[in-house]
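In what comes next, subunit A is part of two complexes: it sits with subunit B in the first one and with subunit C in the second one.
Showing the complex of A and B:
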């Protein structure tokens, strides 16, 4: 208030006074714009940009919990590269993301095509399909943990009952390849709705006339899919794949709850290893270096999105 | 052609093709619910059929969860954190989105890009340094740390979502109001926001869902059992050493999801539209 009053004295007669003057001043786009974005800007500078700079600094230091840190250059990155646990994590991240994203794309297209047809209980089916995406991941993963339990696994019970598994069936979370298959399955389960519904939104937007014209020209269902549907889906597929790649690559919840990175680091991802190093063992510098391995991928995806997808917007 | 002439048969085939997807999506929830209702002696009987309840179902696991653990405290914490973070984020996001969608000012496009970039920054990249920031602020092991940090991913999300909605409101509506003597803020408050209510509902729902689901910040910034949220409580406090109380765990997972499921049932269409709006619009 004090500032406004001091101003008031300087206001020539005949011009709006006090709060009225403030609102005239705020009415200018050059003023109102910055005022409106300031809260968001401050928040992002203090709690995103600043921590990010700190993460870079930590990664270049020997920061250890409760001890002053020294600058050590890129030693953390080099040491990590020499450690088996990290190399394993690096490989896991690509295997995990690659397989999960491919499955999500293919199953997502199939599911979207099915949902795009006339269905009974359409709303209920859509609702059911989206459900895994909405429920808190940490909690739903607990359900999967129980389903993969070594003694009481319902997955194995069903597999044995159907005759597709030999008793006792695999120990899902205790053997390396099976554990990876398990975390990938849960990731697909959780991420599929996002793919299916984004692709569905794109399918709905394809003009019906295109299909009618193609049908009149004698194109079968297969060739209509390959020559009309798929090319028109490409832009949306590109965006969805880029989006999902980042979030699959940086996944934490599923691995943390299901396997904690085990057995013997065979399912660790960057985020889970970073937590083990940075929080559980207090080696903040190394932990930060691990999570920064996510950064080049982030830069690439942001670049690709801005370059190809949002060219018109910004 | 024979199939095409019989639309009912085709329709049935389609539903059959959807069946595996529905089973895949829903079975884990079914199995969780089942487990939470089974008596322990059936639950731990390796010869029992795990797909159905044979013996009388029981609510014992639920009552144990509620009365013998601090589940209610965790739920209260989740609600408090989620409510505050959502309110703050939608408010901050709304004004920022309006400015980015409508106003011309210095730095507007840079800031727009900045919002988009932070929208893509995964929380797992920042949890380590943020833990230090939280400690410096004296908020270590406090739910207030979550109220402070959740907006870092909620604000970019809300801003991005609402920018799209504000762009769909015709400029003329606002200009008319301003010609009639309203200031820009009045036009925003009285004209634009009421039109954008579906977008605001969507932003609130998603902010609520995202913060209710958040896990790594909650796990890292809080640890005392009176400060943690439901997700963290159920995942870490219900396991004592090597003994897992599966009935209680599943009951906790079910109950911890209830607030989201309630919103979901009432606002399904908003969820569907918001899911795609964030990514592909």
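Showing the complex of A and C:
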């Protein structure tokens, strides 16, 4: 093959045409970036922004299933506060979330510390810990419903057999405090793996040298936990608590399956009440208002916690 | 078949395309008549099988293809309906219960013509079916069948203890005390479910009370009749029942009597039918008796089912054809009713003495029932506000508050305030 001299190569002159012009355009970062981002943006707009905007619109309207609706401003939000069921729900949501998240944090740290130790069948145990998170919530909650059921409560049967309960045992789902305890217990059981594994990941990343140095300086186990482990876990804990708070506030399955918000609305959460109003009764506007009631507060929580995380990181 | 040259092909396809454009309907659609029907999973599973079988015969006889889909009742059913209405797409026909025809009224086809044909043949639709499906002067759904809430009791235990079968709510208290002493309490749920309302409403009506007046605007829960109702519930809860009723779901009373615990429950026949089908040891001892009465008469609640057609359906006529086939042909309707034991009962006046009631001696008590049926919220006409009062369980919650320590006066005041807020909203 004959050699080709450099001055024989055809260099396109003037403006490139067709595909050549397109590739030149795409070579520019200013163009290529948005091209790559657009599909994701469209998805976000379609699957996140659109439903959210619709929900906001519904909450500000008197929307009723299948009927024309009108904009009514914040009337739904004001009227909701007048309802005993809503005020009870509001209180329930904070009690439920507060207690559940605190337990999940504490138990999550304990479980993660245990899993981080040299255990027999370590991998199998770590896998097994994930089980509550893997089983569909509605299905696993049905199991819990059976355990708490007034007719054949395994929990009561066991408690009575062990002599720690007097027959017939607590009416778990029929008395307000017991019912709340039951839904919180199931939520903790369900959410614990998320905490434990996230914290475990953070624990594994802590350099061993820090512990060795502390040990050399005579620091005991407690001291190492409070002065090394916990401070280094803080950013991860902040993110996990943030996510868990949002998920716990918006929990639906557990309450819906176990108590349907009863007895006397004592376990209703925003999502379950929203369903009753929006779907069962057709009052979409009110249902949407219930589900968005805490949106401003949650936005603030997200902002505050992300700010905290950034401070911790830098 | 001979070969087609290019010119012939272009001529034929061109003519076909012109025809399609002129008709404005694609050829497949023009030929195909297809409808889809969404209904719930019946508590009597044989009924669903029979429905599918009748559907196949309908397709064979009429050429209309029928697709039947089932969905669990209540939760998933309501979400499905709401999404179909919001998207204006989905099934052509839907099964409705309670106040659904009122809830979805603007979305439903006027089916007065079909109901008129059925009433001409079978007599008037029962009062509860009328209350549910006849919306503002127009039939928005065709009455299909209904399920009776009747007392189911352990006849063997009653005989053993020489207890008299009660006829009034007060007599139930008398026998209930004995039943509880025997370890077989009365099982009436007082929780956030529909069975709770299905008992509380007849008790309230029998004592002369109501939640909202028939004008649909005036709250009437604060009355001496409600006080009597609550006092009756209080003594029942204390002397005849167990606290477990506060957490019961719709199925708990069935399970309680099937297991041999409850001595008396208020429920449709499903408790007995399921026990019999599963050959449970309690089956032989179970029986039914007539609904109970009070100072203001015998009242019963009822949850009739209707079939409705969405307005957005493109197959309204074939959909009506299916309703006429299923309900309008006496032999087909009978076959359908018979398949559901006595859980599904005909909802038209002349069919009340139906052969299904003779298939088991334990259905005898059902004959003559249905005199004073009402849907939830009666005498107020169904509306979205009355539906909200029902769906937020204000009546059972008021009773639950009272039996767990709140004073009768405060419980009623609470319910009254909540009902007033709903009606004013």
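Worth a mention:
As a convention for this text, the second predicted complex is superposed on the first by the 266 of 314 C-alpha atoms of A that agree within 3 Å, B and C clash if a C-alpha of one lies under 4 Å from a C-alpha of the other, contacts with A are read in each partner's own complex, and residues count from 1 in each chain.
One rule holds in what follows: contacts are C-beta pairs under 8 Å (C-beta built on N, C-alpha and C of every residue); 3 or more make two chains touch, one makes a residue touch a chain.
Keep in mind that what you see is a predicted model, and the values were worked out from it rather than measured.
By the touch criterion stated above, A:207 is placed in contact with neither subunit B nor subunit C. Looking at the shared chain after the overlay, A:263 reaches subunit C, while subunit B stays out of its contact range.
Looking at the shared chain after the overlay, A:64 reaches subunit C, while subunit B stays out of its contact range. In the superposition on chain A, contact is made by A:174 with subunit C only, not with subunit B.
Touched residues of subunit A, counted separately for subunit B and subunit C, are more numerous for B. Of the two partner chains, subunit C is the only one that A:150 touches; subunit B does not reach it.
Shared-chain residue A:84: touches subunit C; no touch with subunit B.
Residue contacts after overlaying the shared chain place A:279 against subunit B and subunit C alike. Subunit A residues in contact with subunit B (one complex) as well as with subunit C (other complex) are 151, 256, 278-279, 284.
Those residues of subunit A whose C-beta lies close enough to touch subunit B in the complex are 23-24, 26-27, 29-34, 36-37, 39-41, 43-44, 47-48, 50-52, 54-55, 58, 107, 111, 114-115, 117-120, 123, 125-140, 142-144, 146-147, 149, 151-152, 154, 157-158, 189, 192-194, 197-198, 201-202, 236, 239-240, 243, 246-247, 249-253, 256-257, 270-271, 274-275, 278-279, 284, 287-288, 291-292, 294-295, 298, 301-302, 305-306, 310, 313-314. Residues 64-67, 79, 82-85, 150-151, 168, 171-175, 179, 256, 259-265, 276-284 of subunit A are the ones that touch subunit C when the two sit in their complex. The touching residues of subunit C, counted against subunit A in their complex, run 75, 78-79, 81-82, 85-86, 103-104, 106-107, 191-193, 242-249, 252, 255-256, 259, 261, 384, 387-388, 391-393, 397, 400-401, 404, 414, 417-418, 421, 425.
Interface residues of subunit B, counted against subunit A in their complex, comprise 11, 14-15, 17-18, 21-22, 24-26, 28-29, 31-32, 35, 43-44, 46, 49-51, 92-93, 95-96, 98-100, 103-109, 111-118, 120-122, 124-133, 148-149, 151-152, 155-156, 159, 183-185, 209, 212-213, 215-216, 219-220, 230-232, 234-235, 246, 249-250, 252-253, 256-257, 260-261, 264-265, 268, 271-272, 275-276, 279-280.
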